[in-house]
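Structure incoming, see below.
Going in written order, the chains are labelled A, B, C, D, E and F, and every chain counts its residues from 1.
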């Protein structure tokens, strides 16, 4: 496993990977590239495609009909349901940079809990879809 | 299974269940009680507790720091990740009543897809949490 | 997909598969073999191994320290969490044959709902394991 | 993330939170409040609602048609399927306090493993629901 | 929900969507565009990005170090674990076009079942990672 | 929890468990028995059944229509989707012993990510199964 999960530093990165690192740092106004991207650098094509989509969908100045903070909450809700610690921690930090308050975070969590509960009640009772919802 | 998943109509409901049905109809300004609640009526205590929380957390006039539509999107994101068809259909309808547009729905879906992808990339690369995120 | 998901009838089954079908019918005192086993018959080795374990773990006269009904509830709880409709329906029927009441079923469901909710709260708050639990 | 996942001690807790802590300690006859509740204290309303349901559903003297140990096993089965380490550790301890033996725990685990396997076989073979189960 | 899940036909598709449809039909040598793409057409940007990745990763002539059939099996294994009926059916068909035999399909399923079982046993026993695996 | 998750050493193992340990070491040409098996030793019957299936399905010289490395990739894909760290680490090591390269691992991961994304898009758009796939 060792070699597959090493993190690739800027100094040892190929030009194609460095270009993504540069864009990440410029976009986020930081000189730090998170471990996620430094691991993904083992697969430059997926690194590029993922960063492009992440930037487009969740970036601070991203276009779209939902504001960036709402999208971070959606991202967090999924990551919490899936139990991904890394994703929860990194996107909670990202959301805080976009203005997330503690009260908003706990309220999102309550909704995530309720959804996970009621999803299973719907399955357990084998609730048929209402005609009005078809 | 049959008896466990029947839907309980208003006429056959116990007073305690009827009280919840009445509140659902009054709150939603409708004379229709969704199948979910009519199935859950087999367990009056859970019916009451679940409706109370659903109303408090997702109700149109719910208090809190997140607006009701944002919370419906969070609920939908979780339900989609969990593959709950009933929950997706009923809350997509609820979200539409709160003003959800098609563009917002598809944008939420794109974020849900990205989160489900990157959650697994983080696991597959066994990415360690950055010191700055601890 | 067609050929892969056909159900194999007794008449068209190989001797090795028929032996399992015979044991299922004798054990359950019925002349019906559920679709699950008739699909699994495409892979006789897995059919045998799975039926052997199912009979040993969940059979009416199964040995062990948990009674058969409790184990059906455990099986159902997992199947509901995973959203497997076939598994929920077939094991709810099996549990009813072992004496499951509607009240027990709804109480199990309430616990399944609570577990699914609190599992996510624990992740969302990134709760560290208590020293006393290590 | 830091501020969101701090644990709230009794001394720094609001009266409403203290009331729940007091009830937890009195009910469990201990002067220790688990980290889960001390994290959930960031959201007093969810803390109250969750503790109330946990006490009612899983409490030692809980009413209902299933005994408390059976319900802990159901809770554990779900938590294991979802991969929630905190939930597994805390409820394994709770179940031990209610008399769980090692043999019962391993038998539950074997059923959880079987359910998770057969759930996927049912999906993979796209097994149609038997007419007799509808 | 209705408007969000309609399927967009070629005739009613925008030029950008038509270009993707054209490429799908040319690549697959068919005049049929699967429902998945016709639904995703509501979000042209995600349609383009997803088709590009699907073609690159799973296409018959895709480059890479894994052959296309192996990658279809990986795709199927994930979809079965997640319980996605649409994905199982559409990619089982795709895999058959790439030469998948029934014996290979059932063998893959047996591995998927084993993985889902042992994943939970590892969690249930809280197995620590071996020093030799770190 | 303590007693339930201890690892059972060869010296303290019952003869039936030792027989499995011996077979594991002989099969893998090593004198090390992984923690997973030493935990599972608490349930000798499940230990035997699981090892038998693991050896038959994933063993280096396993019969079947899929080669052992392909089956390790399938096993890994499921384990990553389920977020099982132990399973990912131990089977990544097993796959490396069977010749897995870093390029193959990252390509598998990209497919796993794509499947997890598109599974949810299919659910979110409630895509109906094509007539041609039924």
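One rule holds for everything that comes next: a contact is a pair of C-beta atoms (placed from the backbone, for glycine too) under 8 Å apart; a residue touches a chain by one contact, two chains touch by 3 or more.
Values in this document were obtained by computation on a predicted structure and should not be read as measured data.
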| item | value |
| --- | --- |
| Co-neighbours of subunit F and subunit C - touch as defined | A, B, D, E |
| Intersection of the contact lists for subunit E and subunit F | A, B, C, D |
| Cα superposition of subunit B on its sequence copy subunit D - rotation in ° rounded to nearest 5 | 180 |
| Chain located farthest away, centre of subunit E as origin (C-alpha) | D |
| Chain whose mean Cα position lies farthest from subunit B | F |
| Subunit B and subunit E, separation of their C-alpha mean positions in angstrom | 27 |
| Computed distance of Cα centres, subunit B from subunit A, in Å | 21 |
| Interface hub residues of subunit E, defined as touching at least two other chains | 1, 4, 42, 45-46, 50, 53, 81-85, 88-89, 93, 107, 109-110, 112-114, 116-119, 121, 123, 125-126, 133 |
| Chain contact graph, described as a line, ring, star, complete graph or other shape | complete |
| In the complex with subunit C, residue positions of subunit D that touch it | 1, 4-5, 7, 32, 34-36, 39-40, 42, 46, 50, 53-54, 57-58, 64-66, 70-71, 73-75, 77-79, 81-82, 84-87, 89-90, 93, 101, 103-104, 107-108, 110-112, 114-119, 121-123, 125-130, 132-134 |
| Parts of subunit E lying in touch with subunit D, wherever the complex brings them together | 76, 80-81, 83, 85, 88-89, 109, 112-114, 116-121, 123-126 |
| Sites on subunit A touched by subunit F in the complex | 1, 3-4, 42-43, 45-46, 50, 82-84 |
| Subunit A-touching residues of subunit F, taken from the complex the two chains share | 83, 89, 92-93, 96, 102, 105-107, 109-110, 113 |
| Residues on subunit E engaged by subunit A in the complex (per definition of touch) | 1, 45, 49, 53, 56, 133 |
